[in-house]
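Residue numbering begins at 1 within each chain, and the chains themselves are lettered A, B, C and D in the order written.
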Amino acid sequence: MNLSSEMAYKSADEMMFGTAKKPVKTKRGIAFGGGHVVPEVVPHPRPGSEKTMKTLLREYERANGDALERCVIVGHPQLMIENEHIFQMTHNPKWGGEIAAQTARQMDDYLKKYGLKAAYRATPADLRKPDMVNMRDSDYTREVLETFEECAKYADVVSIESMGGKEVFDHAIIRNDIAGLLFGQAVLGGRDMEWMWTQIVAIAKKHNCIPGGDTNCSEANTAMFMAGGYLSKDVPHTLAALSRAICASRTLVAYECGATGPTKDCAYEDPIIKSIAGVPISCEGKTSACAHADLCGNVIAAVTDVWSNEAVEYHDMFGGTTTAVFAEILGYDVAAMNASIDLGYQKEFQACLVNSDRYRGPHGFMLSPDNAWQIGKAMVDNNASLYSRAKAAAMKCGELMLGDPLLKLTAYEKEMLQGYMKDMQALPDKEADFIDMSLKKYSKVKGFVPAAYGL
Amino acid sequence: MKYLADYANILTRYDLNIEVARQAARKVAKDELLQKVADAVVKGEEEEAAKLTKDVLQKKSPMEVINEGLIPGMNEVSRLWDEGVYFLPQVILASDAMNAGIALCEEKMGKSMDKKGKVVTHTAEGDIHDIGQVIVNALLNANGFDVINLGADVPVDKVVEACRTHNPVMVTGTALMTTTMTAFPKIAAQLKRLGLAIPFVCGGGAVSEEYVTSFELGVWGKEANQAPGMAEDALSGDNWQAMRGKWNG
Amino acid sequence: MNLSSEMAYKSADEMMFGTAKKPVKTKRGIAFGGGHVVPEVVPHPRPGSEKTMKTLLREYERANGDALERCVIVGHPQLMIENEHIFQMTHNPKWGGEIAAQTARQMDDYLKKYGLKAAYRATPADLRKPDMVNMRDSDYTREVLETFEECAKYADVVSIESMGGKEVFDHAIIRNDIAGLLFGQAVLGGRDMEWMWTQIVAIAKKHNCIPGGDTNCSEANTAMFMAGGYLSKDVPHTLAALSRAICASRTLVAYECGATGPTKDCAYEDPIIKSIAGVPISCEGKTSACAHADLCGNVIAAVTDVWSNEAVEYHDMFGGTTTAVFAEILGYDVAAMNASIDLGYQKEFQACLVNSDRYRGPHGFMLSPDNAWQIGKAMVDNNASLYSRAKAAAMKCGELMLGDPLLKLTAYEKEMLQGYMKDMQALPDKEADFIDMSLKKYSKVKGFVPAAYGL
Amino acid sequence: MKYLADYANILTRYDLNIEVARQAARKVAKDELLQKVADAVVKGEEEEAAKLTKDVLQKKSPMEVINEGLIPGMNEVSRLWDEGVYFLPQVILASDAMNAGIALCEEKMGKSMDKKGKVVTHTAEGDIHDIGQVIVNALLNANGFDVINLGADVPVDKVVEACRTHNPVMVTGTALMTTTMTAFPKIAAQLKRLGLAIPFVCGGGAVSEEYVTSFELGVWGKEANQAPGMAEDALSGDNWQAMRGKWNG
């Protein structure tokens, strides 16, 4: 696998929502990144429905069907539906497959009957918790891969939220340990992804299904959620931002292994990914408040090609079921974006999204297209190793945050950030040296097995 | 302001894709005059229907006019509604027309014609959202049922009482507020206690299938236009379990 | 009461979200229509919580509190919370008053502790269903007015969804009877509003509370919801649009009686109202999908000053409780709009909202600022009576719909529209004649009591 | 792209408005050397704490070092955390430092010091979202409790078994998925059957107060930093009803 050495975009100004350098087409006629933004709704089954495959099939038949119906009722031209597997759907690969097959049939009906263009994304759960199973050799590992086989037969797109390096990350994130993040997220995570994604891409190709992409939900999102809003005191927002920059190094691996996008919605690192890989990205922000709060609800849409709600539990609201309601909202969100494109006002519209959150906090700032692009550039200019590009990304991110006086930081968070920068400067340049150092330092971390990462 | 001439990338007018081709109403009466009556019903012309009924009543018996003119006309309307050709107002106006005609026939007979069967309808206590019920009433009426309309904001006891006195084939409830639909299980419980196992069809914005099927007698009504079909089933003797099996799940 | 004879805006181009000719200030420092858009979140209590005042107080303490807290967590500067009374809160005026008092205290705390600017709107339920009680003389009537007294002591804003003419409207809407809509909505509704609003304004002034406004939810929204989306067959969308134009004649009465806005969120006629009265308006669209679906989710925001979700039942979602979630989404919606204002891109942003829905259906079309303004103009040019301006509004609305080839109508809806236009042309010019005609025609409508409207 | 210099109309940085003024840690030890040990804990310097502990152990007894140096240092950290001066990582690093020191003291004593009391913690079966639990473990540990950490994806029986063998003052559960939290009532039921009325504090994103207070023994945990306070209450003999009354509702 070669680490990317060039940017897909010459500058951030070129990056715009709805258009990607490498658009991706589906069998029902959607072109992701082909000029307009596509909504992506993600239902989550109600507790109890997971008891049997029959009850779960029925749950998804309704949840997915309601979203399709609502699009016809209000006039949304396209919709992607993602089913993020719950444990049972991946633990029993047949379940995931049956649900994919059922949804594909529903989508064919809606195309025939009304002309609605829909696509289905299956996201098996990565059951491999590093401190509990061997990442490369466990029943869970085999179940996950088998589930990809089952789903790829019917799904338009497959994705995953892979878990590599999570054991070290969890140890490091609550200890202000930036080196641990670099090791867990980039060095271990990247290696695990290369191992997984060469297999996932092969499976997808075999069934001519689209290998979507990965996300660092398990680490960078964990950091972001722990940093939380303006009232949390678990993790400094500046550290969460560095963790985000770092994770771009490992998430990029999926595309270096042949994944084509649309990327995974909860990968807030996607603007950086797009700047390098040019693949169509899926993002979530304000309209995923149903799933979690973040401080970059609008800016994260600035260069996205797909717009998602992350996940909403299926139940009734006054206006219909949650999946119908959120499909409607997402559809209206993108209708305004697509109108701006056809009107030639997309630059102005994008500026409104960016200025809404650019100074809301570190994440909004670093994910503004200009900063995301610069972080990407630092990565390709330092592509000797997963480690070197991750550190370069984090250093650049830190410099940008310290360099813009309009980005206010609390005294505490600024002090912490300056500390992380010092710590990184003190780290070895070569990945090999860094690995030696880290293997010692983290040997006592509960459940950490270097061999499971080929180390 | 700039306006786009092409909005294909922004929205799809599915309603245009699926509009049902209009179709002329069919002949439904074997006789010129009665067909005129039927046509007036199909067109939903109340005065016209009344006028024609008066004329025809010179030559034909009231029951003939009803069974071979007014009712066949209304059935044709129901067909056009079922096939998506007619909209609700056309059905309502047609039933107004039919009822005007029937009233004159009954006058002449000196007694009222017997309807298919009774249905008690109401909107829950504390709730004044009764449009759903209004539609239900109209459609049941149009399909020849004798509607006992209790109106909106109806106390539990009043509904139960009406069921006791009228012993309908079916009772319906409408609620659009989650804070009022709680009356339905209470009604169902009292009916059971009185041994009145009448299918209790509940609908309305706030009312979910899950909720209605959580208490005995309850059958969930999604769309008002299901009401006539449900009433037919109840009339033909289906119990609430059978109806729930057919219409819900 | 004088019927408005002039437009507040010389042209539709002058109308913009966030700014109204007559801004309104609150005690905690919000300026509605003062240059930026304010979010308005509306929680609805869970079934069962209405049992006692104590349980209901607790329910609103949480529901309202969660929304305030979320604003602090994600950085939203301002928030209005509306509590739309359920039956019990108005049937027992003390309940409505206690809840208003409790919320006012919460808002004072958030201002002191964090600097969050919040405002509270109390909307008593109009319990007077015309066919069941005498509009001007019933216990329900007295309860409603007493509830205004109780709430005005603590609320920043009071509003209502008044019910005048509903009995005739309900008869007419399902009979394609445009004359019945004119009589029920404009003639009867307007008279009832004048009677109610002179009293409401007096009560509000007494407690220096802001008399917000009214909405034709009971009629125009009923028509709109029955017309529904692209799959409904209850009411033609063209008739719903005419019903909307007609209702502007009666909703305007509130402001002619001294109401100042912010208007009531579910009054989709508000863009027309703003063009005439210049008051700050509250609107709801895509983000009120939790309450109902509509075909104008973005365009309805084009000239709004307050942005609402209509109502959401209080319960848990993955991202927090529904009120927190929707406060967050609404806040991000307006953050982008407010960014566009400060960037000087509001015209472009507005164009995106308008073009998103202008041709989605009759409602989106007639509520586009240019058309809304023209309908308003027809009203002030024909202000001899509530009837004459309502008919003029409907005629203008119909002409516009038939006049724009880009607004596609199904063959059926076009045919119906042409019929309504003919029917209206055949109606008398003078209100007095129209009233004589109508009193006969609707004398048999269940529960219609002319005297209850001073006729 | 245009960037605004003033975003006061768009967002408010409440975090800047409410930042707590930093404050120096207080002196907590009566003696120079022990204070150095305490400082190392307060600063969260593990090696430093170990080194200093070694030195002091030349002159002082292990229990002195623990009770007058390490623990007072950690208490000071808890105070700074409670007052919002310290963030989570500072607490974790401090407890790492304290534990390093305690380990050396125990070595010297030849036996392990006795903790306040045992707390069993776990994340629900099928659920690997254990960060909440990780924080809870760290905070309990930092406050001197003996944490029996069962980890994530723990079967019901295993939790019950652990309670039987360890008989903790409190047991905790974390779940972030509505499809996994269903294990909690099962655990509570089995504990009751075994006569182990141990306060069962449940938390995690998916877990609502409503849900946890719907089964016996259940006490809802909103924030991880409530865990030590709750454990103190349990230690002082409060039963689950008392704790629910205090921490929930």
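The rule is short, and it goes like this: a contact is a pair of C-beta atoms (placed from the backbone, for glycine too) under 8 Å apart; a residue touches a chain by one contact, two chains touch by 3 or more.
These numbers were taken from a predicted model, which means no experiment stands behind them.
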Chain hops separating chain D from chain B, counting only touching neighbours: 2
Centroid spacing, where centroids are CA-atom means, of chain C and chain D in whole angstrom: 51
Distance from the mean Cα position of chain C to that of chain B, given in whole angstrom: 31
For chain A paired with chain C, centre-to-centre distance based on mean C-alpha positions, whole Å: 40
Contacts with 2+ other chains: residues of chain C: 44, 72, 75, 230-231, 313, 318, 335, 338-339, 342-343, 351, 355-357, 360
Chain D, residues touching no fewer than two other chains: 2, 4, 7, 10-11, 13-14, 18
Arrangement of touching chains [line / ring / star / complete / other]: other
Contacting chain pairs - touch in the sense defined above: A-B, A-C, A-D, B-C, C-D
Residue ranges of chain C touching chain D (in the complex, touch as defined): 35-36, 72, 75-77, 113-116, 316, 318, 335, 338-339, 341-343
Chain B residues within the chain A interface of the complex: 2, 4, 6-14, 17-18, 205-206, 208, 210
Chain A - residues contacting chain D, complex: 13, 44-48, 50, 86-88, 127, 129, 131-132, 170, 174-176, 222, 226, 230-231, 233-236, 313, 347, 350-351, 354-360, 369-370, 406, 408, 410-412
Chain C-touching residues of chain B, taken from the complex the two chains share: 1-5, 7, 10-11, 13-16, 18-19, 22, 81, 84, 86-90, 92-93, 96, 126-128, 130-131, 134-135, 138, 151-153, 177-182
Of all residues in chain C, those that touch chain A in their complex: 44, 69-70, 72-75, 228-231, 285-295, 297-298, 311-313, 317-320, 324-326, 328-329, 332-333, 335-340, 342-343, 345, 348-349, 351-353, 355-357, 360-361
